[in-house]
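A, B, C and D are the chain letters, set down in written order, and residue numbers restart from 1 in every chain.
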Amino acid sequence: MTMKDLNKIVLDIRERQRIKPSANDRPAASWIGKDLVDGEIIDSLTIIFRTSGCYWGCAGGCTMCGYVYDSAAESPDDDDIHSQLEHALKKASDLEKMVVKIFTSGSFLDENEISRKSRENILLRLKEDDRIAKVIVETRPEFVTDQTMDDCMDLIAGKPFEIAVGLETSSDKIRSESINKGFSFRDFVRASEIAKVRGITTKAYLLLKPPFISEGMAVNDIIRSVNDIYPYADTVSINLCNVQKGTLVEMLWERKQFRPPWLWSIVEILHRTKSAHPDIVIMSDPVGAGSQRGPHNCKICSRDVADAVRNFSLTQDIRVLESVSCECRYLWEKIIELDDYTYGAPITV
Amino acid sequence: MTRYFEVLQSDGAARIGEMILKRKIQTPSIIDVSYFRDPENPIVDAGSLWNISPEDADANVKDLRTSTGDDTLIILPHQAIPPVILHENSDVNEMMPEDSGAYGCLYRGWTSDNIDLYIMEAAGAFDNNAKKFFEKIVEIRNTIPFDTALYAPAIALPENVAMLAYLGIDLMDSTKTILASYRDLYLTSEGMQYLDRLSEFPCRCSACNGADISDIVSMAGPDRQEFLKQHNLNVLEAEMAYVRERIREETLREYIEGQCRARPWLTALLRLSDRECSYAESNTQVVRSVEMIANTSESLTRPEVVRFADRVVDRYAPPLADVLVILPCSAKKPYSISPSHQQFIRALGKHRKYVNELILTSPLGIVPRELEIAYPAAHYDISVTGQWSADEFEWVSSRLYSYLCSNDYGSVVAHVDGPYRKICETVAQKLGIRIICTSNGNATSKESLSNLKGTVSSLLKDESVTGIKKTEEMLRSIADFQFGKGAGKMLLPDGAVIKGPYPKYQIYVDKSQVATLVPQYGMLALTLKGADLILPSNSYIVTIDDFIPRGSILSPGVIKADTRIRPMDEVIVQGPRIIGVGRALMGGKQMTQSTRGIAVDLRHVRKY
Amino acid sequence: MTRYFEVLQSDGAARIGEMILKRKIQTPSIIDVSYFRDPENPIVDAGSLWNISPEDADANVKDLRTSTGDDTLIILPHQAIPPVILHENSDVNEMMPEDSGAYGCLYRGWTSDNIDLYIMEAAGAFDNNAKKFFEKIVEIRNTIPFDTALYAPAIALPENVAMLAYLGIDLMDSTKTILASYRDLYLTSEGMQYLDRLSEFPCRCSACNGADISDIVSMAGPDRQEFLKQHNLNVLEAEMAYVRERIREETLREYIEGQCRARPWLTALLRLSDRECSYAESNTQVVRSVEMIANTSESLTRPEVVRFADRVVDRYAPPLADVLVILPCSAKKPYSISPSHQQFIRALGKHRKYVNELILTSPLGIVPRELEIAYPAAHYDISVTGQWSADEFEWVSSRLYSYLCSNDYGSVVAHVDGPYRKICETVAQKLGIRIICTSNGNATSKESLSNLKGTVSSLLKDESVTGIKKTEEMLRSIADFQFGKGAGKMLLPDGAVIKGPYPKYQIYVDKSQVATLVPQYGMLALTLKGADLILPSNSYIVTIDDFIPRGSILSPGVIKADTRIRPMDEVIVQGPRIIGVGRALMGGKQMTQSTRGIAVDLRHVRKY
Amino acid sequence: MTMKDLNKIVLDIRERQRIKPSANDRPAASWIGKDLVDGEIIDSLTIIFRTSGCYWGCAGGCTMCGYVYDSAAESPDDDDIHSQLEHALKKASDLEKMVVKIFTSGSFLDENEISRKSRENILLRLKEDDRIAKVIVETRPEFVTDQTMDDCMDLIAGKPFEIAVGLETSSDKIRSESINKGFSFRDFVRASEIAKVRGITTKAYLLLKPPFISEGMAVNDIIRSVNDIYPYADTVSINLCNVQKGTLVEMLWERKQFRPPWLWSIVEILHRTKSAHPDIVIMSDPVGAGSQRGPHNCKICSRDVADAVRNFSLTQDIRVLESVSCECRYLWEKIIELDDYTYGAPITV
């Protein structure tokens, strides 16, 4: 299988989807949450801008990513982006201190999504709000250049700034042939280094259990990835692969050829990586936990275990991971043992 | 081709084989993949290319070979993907082993001499998808050599191993069964049930025997799961062993015709396999030492039945007669020794040698009198309820129809009742011909029999001509049936002498014996002289290399073989310096593909 | 009537029961007759009249009763003879017991209140004779009370206990199984084999597990026979327990449709039982908590299928329409929620309320849209191969034919392809009517759907009249289906209000709830008000004695019951001082015959 | 079931048989054998006269008896009977000492079978032959009267004379309702007493395993019968029921509703009865042993066990019975245990 094959399949799936019409002056989503910043738990405002969409996703893109369907049918103009920002900030009007996390379902730094003008507007607006303690923007690494980083640092002017990159894994093989991500580990390292010299921190998103990968290999891949990225990432956030509409992962899942990761897997990963690297922040928000499309254990324990994962993410205290148990853990252990040898038909129980 | 796997016995697509590894494995077999990491295991896995680089994988294979020796099967590094993803047949080529030893690999459309085991990629994902699963198996089996093993991972359960084996899978694993145990599922060869839904243990296996269900249900997780694992593995192993026994007995077909009802997709697999009949037929023995039980609607489409019907059309030519007499089948076989047929034969009396006789029967359709002793015409048993299903009716009608289409008679007499008669009427109407019915509702009543006699007598135009030599024609027909049209005339030229009481006939030509009819199977066994006679037909010949065989021909010695040859067929063996006769133990195609095993059990051989 | 036996659960003619003796016996069960001499055994035999005089026999019975107590079942002295000999029904009358306690006796055509167990005389001699055996069972079961036990001696083997239980045998013995052990026969639930013909043990029972076959074969006679006895009894007991589990699960039918292939006579028994459908049907529950698997040709004749088809003819009247639209079935059920039917419904659009919809399907034949949720229309699974058997074709055709014979339409539109279409064409030709086909080979293609829409639109003459109120008519049809023609109009008079989303409908009349549709079963559950409404139809009524029931009605309290009542039917309970509604747990006939067990599980009750 | 029913069934079967035409001047059968007379083994000549047949058998008769088909189509006249006798005696021309055993497939003393004249001729002829040490004639007991016994004793004049009666069992129930024999135990006792007072000895034939009777009951029935007849019989000969053509027993056997007795049963019986009654002669000739229609054990041992039974009959030495063994004896023991409880379907393995 070549990368071209995989991209072709993903693109075919994409082309069968309908994109729902939506208002361009509202963000795709925005919400208030909690986040860990410099050892302190503070409020966070997450904004997902509606843009013309991820250029990579529009050309096919990642096998698990359905965010591309959040993009606008017609490109929002700078006024629309402005309205989106104000709409989101209104939700945070009651907060006293917060971190702002900006996503676009693509790359914030891609000028085809967010024009230079809008980028300036946004960063200036955030700089001016004193309640905002930190700004995090997500981007693919190719948009992390000396130029863009200098621009951002000029605009945000001393406020802590972080770039978040969906690295997914340190394995180029998996990133290429399973995720179809379109960049290499070296690209990430380069971006991280460009940021670091400017005092910009880097957050790496990892993806637990991309398609085709057994549960056990997935766990090992993340643990290895954390080791690999340790020098380049200040924060590691592990996303648990869930089944998004209109993705290759969904197609596999519908045919029982994919199962989202077990929550025991993330418990295991967090426990082992945090023990090995107590100095970096390792977090995971198990989105959709407990549902068939999301990471899940059995029906009895999924909620508790997901809570423990969230709790750990805020506290970084591995003892919270040791407090959960359930009989289904034996099943998970057995799956870890056997799933390596199913030769293409992952265990989906 | 293979060095570490041998097929010992076949029963259709199913086979008993042996993986000749450091610990021999009788197949079909259940293996435990959790030992694939253990270098002491006869099968080891060299790792996933998702996980390790090609260079490391390569080194891995070399290390494993060095540390384990040649008789450990190494599964080559693989990068398996689910069936949803199309893939080119390229990427594993570079992993081809160069050194000696046993190797297995994912099936990706190509084969290699060094591979003893192919893995059906993502077999487990085909669970419940009969069509795709069946197509995949056929594709693989038709590509890889007959004597390589096929492994279907992560799909076996006690309920499906019989069908998997029937379709030609040699290796399966305990993966799904073990996982079921951790999900509180209690398995049987008919399905599964949650432990807490059971009222008692429907089993006396070493785990269940004496166990109290409420004790087990209230056990702690690991203990309960261990109990279930023991039971479930017992059931899986027992079912697998039972399947092996049924293959050895040559009755796996009968078993799966019942057992496949456990799940709709298994039944669908049986039906699909019958529809694609050549897959199983091409290696189905021509005779079995056991009765054929025809007990389901699918019995009408089993390979033996379809083959018999095909051969009646393709290979049988009735001796010339102006009158056809259609008769019902009988419980006792061959039909002519049954009380009812004895009466029919007596009624036909001296007229009999001027008529053809055709017996209607389910599941075989039509049996010409000359072939009543051929397998399985004299070797089947059915459930008798007196009523025919629509499928039986349609099948038998279609056989009669096609027979009457290709054979012209002045008159057709049907001495049958009930559904048989309705079949005759339906076919007559469809063909626009007249069929004379001579039975009054009870074919063996005096009135019916005298009616038959009178009718046939009045229909015969000219009895002064020589009638049919029944025995001679029977033997010619059997020869045609066995070796193809025309063989009968070659083996029994005019003037051939037949000795022996029915049915132990011996055929002599020019005072030399040319063949014997083996009553048990209804087949002719040739002498060397008989082989000489039918050699010009160029049929059923196995061509061997230049050596002098004794006793049996091993498959590596076979250069060419008639692809019509099936296991148990009578064959002629020809080499540069010998001619011989014997019984095939493999199909013709399998003989040329195999590097191990006995191809022909030789009876006589003569050097030039 | 019985004091020492109770039927706890039924599944067709099969049932789970309990012999309430000094040691309780869950039935169907295997007993060991060698303990019949032992007064400690719960069942003892008072001896053969061939052997002892009637006077001694009488004394024997009295002694046994005195020494064992009432809760030992005494088999009355008997003078058994094989079936070849005709016999008068006289000679055992004098042996009738006068005192209390449990008794069994040979069945000789008569019954007595004091008998808890009847023995099928010479049952073992019927082995392999399906017709006579079945007729005998039906005769006995139709004569003896529902809640007496039936014992078939000396016939059980692992291969046949499932069928024996299916036919309604409660007790069997280990006699044949033990004897097989002394004949070196190794039994399985599929048959038997001589020990020395086996290559390995296809079993992991407590005897076989770990046993080496060559060790066993070379053992001395008594040891070898003891081994075989342990194994064979393990298999027998396991099979019996498995059968009990399948009865409890209500899936014995599915099991025997496969397992009966072990022997032709067992298959014949299944077919005979289906032909004499009323025997099993009269106690087959109207709904089951499990899917119905239709996996064999015999699935077309199973009681649930025949009953559904009969009720469509007898109880269903389509709402008035001039156009009939015939549609194919779908894998997802009820059909109307499947993607394909969603498209059909969209295509019919506003015209839909002027047409009747009829779904063609195997094995049910035809399913009117109104009944698509009734059991088993929304509760079956089949093997899908895309081809129909001749039996399916004939069965579905006959159903469509009879529907079109009794219902007149101005136009019939068939939006179907493949075999469905062929069925429509065959039926149209037979009826001499025109059926308009609107599908181009793919019923869900745009072209086909627009064709359907256009055709139906053009066929409708006058859409200004009020169309069919689909939901109302569906609920009326279900009421008719459940309680008989006319019940729908009574339960849903004009003006009835329906609440709730599909399919969780509630029916209100005059603001009071009268019934709820239970989606799981597709059945209406009545309220007391609902019972009032359909009471005048005099259907599905259980009349009880003068008492105030709570929770459940025990069968001795039942005075009269509609014989159409089947287990799981919704029934109205009526007594001198109460009316109630509930779910039947027995058939109507069984309620009046039984002296033990719950007849009705009461949901609501109201005193007058 | 009444006796009338049973007789009706037997008669129906009789009427379906064809009687083969045969020569009236030849006996039905005759052969030379060995017999035990007064503790000495001597030669024996058995003659089965062809007569008009057993009156009881012609009217229905015994359920196991097919000898009725040996009867002549037309009654042989006295000359025929004479020829039959001479024909048989010719076979014995080489013998020096012998016992002569006369059967008719009915009753020698029934004058409708053997006229008074023929009876006289026969007995006189035998009396005159000095080689003949003893004469035994078979008869139903109703023909044993003071008159017939006196007649015989007059004719045979001092030569040892014995009547042989097919009592079959001492159970009137079994004799009536299973065998349909048509006389009672009292009839036998009376006949024996009439004979005894004249110095005529009595031989009783017993039948092991008539129809409907389990293997175990059959064994017990014979043992009980031997005890019962001990005072009335000088010799006991136990016939093992075999399946004769045209009998009810055959009809049952064809439908697997009858199995001939096991040879182990006769071994057991001989052992137990001889031990209990060492002073009477108990013998058995297992006719047809080893075949499916005759008494049989398994294929391996039937011949040896039948030989032991014959050997015992001549030697009366129970040690010969102890010398045989086979694995199938365990099966037989199990059948004895279980066959009582098959309720009408005898164990036929």
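Basically, contacts are C-beta pairs under 8 Å (C-beta built on N, C-alpha and C of every residue); 3 or more make two chains touch, one makes a residue touch a chain.
Values in this document were obtained by computation on a predicted structure and should not be read as measured data.
Novice: Express in whole angstrom the distance between the two chain centres, defined as the mean CA positions of subunit A and subunit D.
Specialist: 102
Novice: Approximately how many whole Å separate the CA-defined centres of subunit B and subunit C?
Specialist: Measuring from centre to centre gives 36 Å for this pair.
Novice: Calculate how many whole Å lie between the centre of subunit A and the centre of subunit B, each centre taken as the average of the chain's C-alpha atoms.
Specialist: Chain centres of subunit A and subunit B, defined by C-alpha means, are spaced 56 Å apart.
Novice: In graph terms, nodes being chains and edges touches, is this line, ring, star, complete or other?
Specialist: line
Novice: If you go through all the chains, which pairs of them touch?
Specialist: Here the touching pairs of chains are A-B, B-C, C-D.
Novice: Spell out the part of subunit D that touches subunit C in their complex, as residue ranges.
Specialist: Per the stated touch rule, the residues are 1-2, 5-6, 9, 173-174, 177-178, 211-214, 217, 220-221, 248, 251-252, 255-258, 327-328, 330-331, 334-335, 337-338, 340-347, 349.
Novice: Would you mind writing out the residues of subunit C in touch with subunit B in their complex?
Specialist: Its residues touching subunit B are 130-131, 188, 190, 193, 197-206, 209-210, 234-235, 237-239, 241-245, 248-249, 254-255, 257-262, 264-265, 267-268, 271-272, 275, 293, 295-297, 381-385, 387, 389-391, 393-395.
Novice: Sort out for me which residues of subunit B touch subunit A in the complex.
Specialist: These residues of subunit B touch subunit A: 33-34, 36, 45, 48-51, 53, 78-88, 91, 106, 119-127, 153-155, 173, 175, 178-179, 182-183, 221-222, 225.
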